[in-house]
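Residue numbering begins at 1 within each chain, and the chains themselves are lettered A, B, C and D in the order written.
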Amino acid sequence: MTVSNPPESPGEKETGRLEAFSDGVFSIAMTLLVLELQLPKPSAPTTAASVWQGLANLWPSYFAFVTSFFTVLIMWVNHHGIFRLIRRTNARLMFANGFLLLLVTVVPFPTALVATYLKTPAAGAVCTVYSGTFVIASIAYTLVLVFASSGGHLLVPNSSREVKRKLRDCYLVGLPLYTLATAVASFIPALSLLICSGLWIYWCFASVER
Amino acid sequence: MTVSNPPESPGEKETGRLEAFSDGVFSIAMTLLVLELQLPKPSAPTTAASVWQGLANLWPSYFAFVTSFFTVLIMWVNHHGIFRLIRRTNARLMFANGFLLLLVTVVPFPTALVATYLKTPAAGAVCTVYSGTFVIASIAYTLVLVFASSGGHLLVPNSSREVKRKLRDCYLVGLPLYTLATAVASFIPALSLLICSGLWIYWCFASVER
Amino acid sequence: MTVSNPPESPGEKETGRLEAFSDGVFSIAMTLLVLELQLPKPSAPTTAASVWQGLANLWPSYFAFVTSFFTVLIMWVNHHGIFRLIRRTNARLMFANGFLLLLVTVVPFPTALVATYLKTPAAGAVCTVYSGTFVIASIAYTLVLVFASSGGHLLVPNSSREVKRKLRDCYLVGLPLYTLATAVASFIPALSLLICSGLWIYWCFASVER
Amino acid sequence: MTVSNPPESPGEKETGRLEAFSDGVFSIAMTLLVLELQLPKPSAPTTAASVWQGLANLWPSYFAFVTSFFTVLIMWVNHHGIFRLIRRTNARLMFANGFLLLLVTVVPFPTALVATYLKTPAAGAVCTVYSGTFVIASIAYTLVLVFASSGGHLLVPNSSREVKRKLRDCYLVGLPLYTLATAVASFIPALSLLICSGLWIYWCFASVER
């Protein structure tokens, strides 16, 4: 990769290794989620009915598992969509990407919080943490896009318009709506989750259409 | 990868990163299995005999480990066989692939269920869950193949016939037989497992011969 | 990878994805080892001395960690050395490689067994399990090499002589010595470990010299 | 990769697979950190206040998580910067790299030690372990650079000057300062952590400027 052609301008590198490294973090974050799934421990006699009941009781952890998985998957599709437009990296972009990866690995934690406490009086608190995580993730995506485009020669030729559109999506759509979700979470937890879900559906369709 | 040649038609990308990402999920899913292996905790005096006994008592967890490992390996060989024929991806294919990867990471869970409860009256329930997982996995493989071939220009030239054959394997062989296995699991758990094992041997030979 | 040039002869593929997948398993197996390291839980007052003592008491787990890490590293260097000579794979080679990867993921388990029980009367039993694992690993390496060379067109041109030499190393050096180590383990556990360590030093030097 | 062009001089290989393997270890080490994050278990009634309190009480584990993540990220950026200059590997370089990866996987352990014991009388002991880990990591980086440059033909053409500069950074800056940090840790634990943090900021800027 970086090997065959020696670096022309120092401080800039090809993105192959950065993407491979990021893919590693994404795929591990998705796979580690399964460690949360516990076998049901049926009380008293082990019958078909008690095992079904045990599985049914675990639904919040299944729900958190599937939600976290698709959240990280959508983040990966977006990451892929961004780095398709970037052909070189510098150290600033690497650290911004690292910050984004930190948030990718963190996602399962607030998701588990919500799954555990959604039906308790602490629903407002956990939804605040949950949507707040995505505010920070939006900032991370914005940083990646800003650093990628501010060094214009980091981009694939003719892709600066698409990068700008993605950047607008981040700070005109994602950032304000996630902030709104965080602000209302203490009062109407369900609305906060609704906004987050709505945004994922938007990100999905946005990536499908184009 | 995607870097050297800018994307000709937006919404379609090379598959290098998708495969690397998928490989990550497959390899982690296979490696995480080993976390289930517990050291024997011999009761009373620690002698050679008590440690051997402790190891022997753990056989259901060893069995589940080896079975899960080869199940995920076969799923990987099939995934490899499919993506060998695909040269581009779009968002729909990415999400179908993500759905398939979700099932890859889930496999250890129903396998552990079966290992734990096969000798109890709950055998029917756990075999239903187990074979049901592979019904859903078959649907995921079918979706990947349908989305790959419906956008004909996603395929490697001259490979649409092999894709169609693989698709037939999925919905004429895999899907109905796994559904049958799920249907009979409550009544004859052993038959359900036999059908699943038979299908793996079939997938192995199918991939070896061609 | 497999994408740019459509498969000339069906049933044979480039090895890029197989290596990436194997690398994933190797690197995860090595990294998961660190999960075994526990923080010392100093009894009574938390002083510098009690924490040092707590760390010192954990030495068997540190020893197992470092040993497992380098064992898997040597197995990776050998795997790398073998696949450098292979340019295509078929399904048989994939499954042989999968069997080898199964053993890679298993290595931490017998290592932990030895670390836990070496100073007990069960030393013979755990050293039998330990060296027995490497007998099976030798068989897996042998299978990979046999399947790679039996389909002669799977090899990089002019490399069949080096493959044959590696194969001889497996079944004339590795296999008989590990079998010997397993046979004597019940009677002289230390000798069994000595043979295993000696072989690693041999594999290291063998890979350095060439 | 190694496949398309057969190895010209035996014992030397392209670095693609070594980098992929290393990336795997780095990304897993970073992602595994999240396993340390525990859900708060609020005592008595589950209210918003008690959950916020529970989250606040976990701050040492959050702090350790973020610190470990960025430490490993900086190590990865440095590793990337080094291997950008290397085009071939031999067995010695592989083992030096393996030794470095061992330290990468270990980093979360001393970090957790510091997070747990910093406010106890054992602060000196844990800071000694912590900064001592980075002394050994510096030695590992030095070995990688020495082995890479001693076989001059392992380097990308015209990069030996940059390798020498990096090597000086290791043994004139990193090694002595980390050793100093380790030496003073028992007496002034805070100073030891300050030196380590200062060095990370230095590595960050060093990688950004060039």
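A few points about this structure:
The criterion applied here is as follows: a residue touches a chain if its C-beta (ideal position, glycine included) is under 8 Å from a C-beta of that chain, and two chains touch if they have at least 3 such contacts.
The structure displayed is predicted, hence computed values, not measured ones.
Here the C-alpha atoms of chain B line up with those of chain C after a rotation of 90°, rounded in steps of 5.
Different-residue interface: chain A and chain D share under half of the residue numbers found at their contact. With each centre defined as the average position of its C-alpha atoms, the distance from chain C to chain D rounds to 25 Å. Between chain B and chain D, the centres computed from C-alpha atoms are 35 Å apart. Residue positions of chain C touching 2 or more other chains, listed in rising order: 20, 23-24, 28, 32, 35.
Residues 14-16, 19-20, 23-24, 26-28, 30-35, 37, 39, 42, 45-48, 50-52, 55, 66, 69-70, 73, 76-77, 80, 83-84, 86-87, 156-159, 162, 204, 207-210 of chain A touch chain B in their complex.
Looking at the complex, you find that chain D touches chain C at residues 1-4, 6-7, 10-11, 13, 17-18, 20-25, 28-29, 32, 35, 90-92, 94-95, 98, 101-102, 105-106, 108-109, 112-113, 116-117, 120-122, 124-126, 129, 186.
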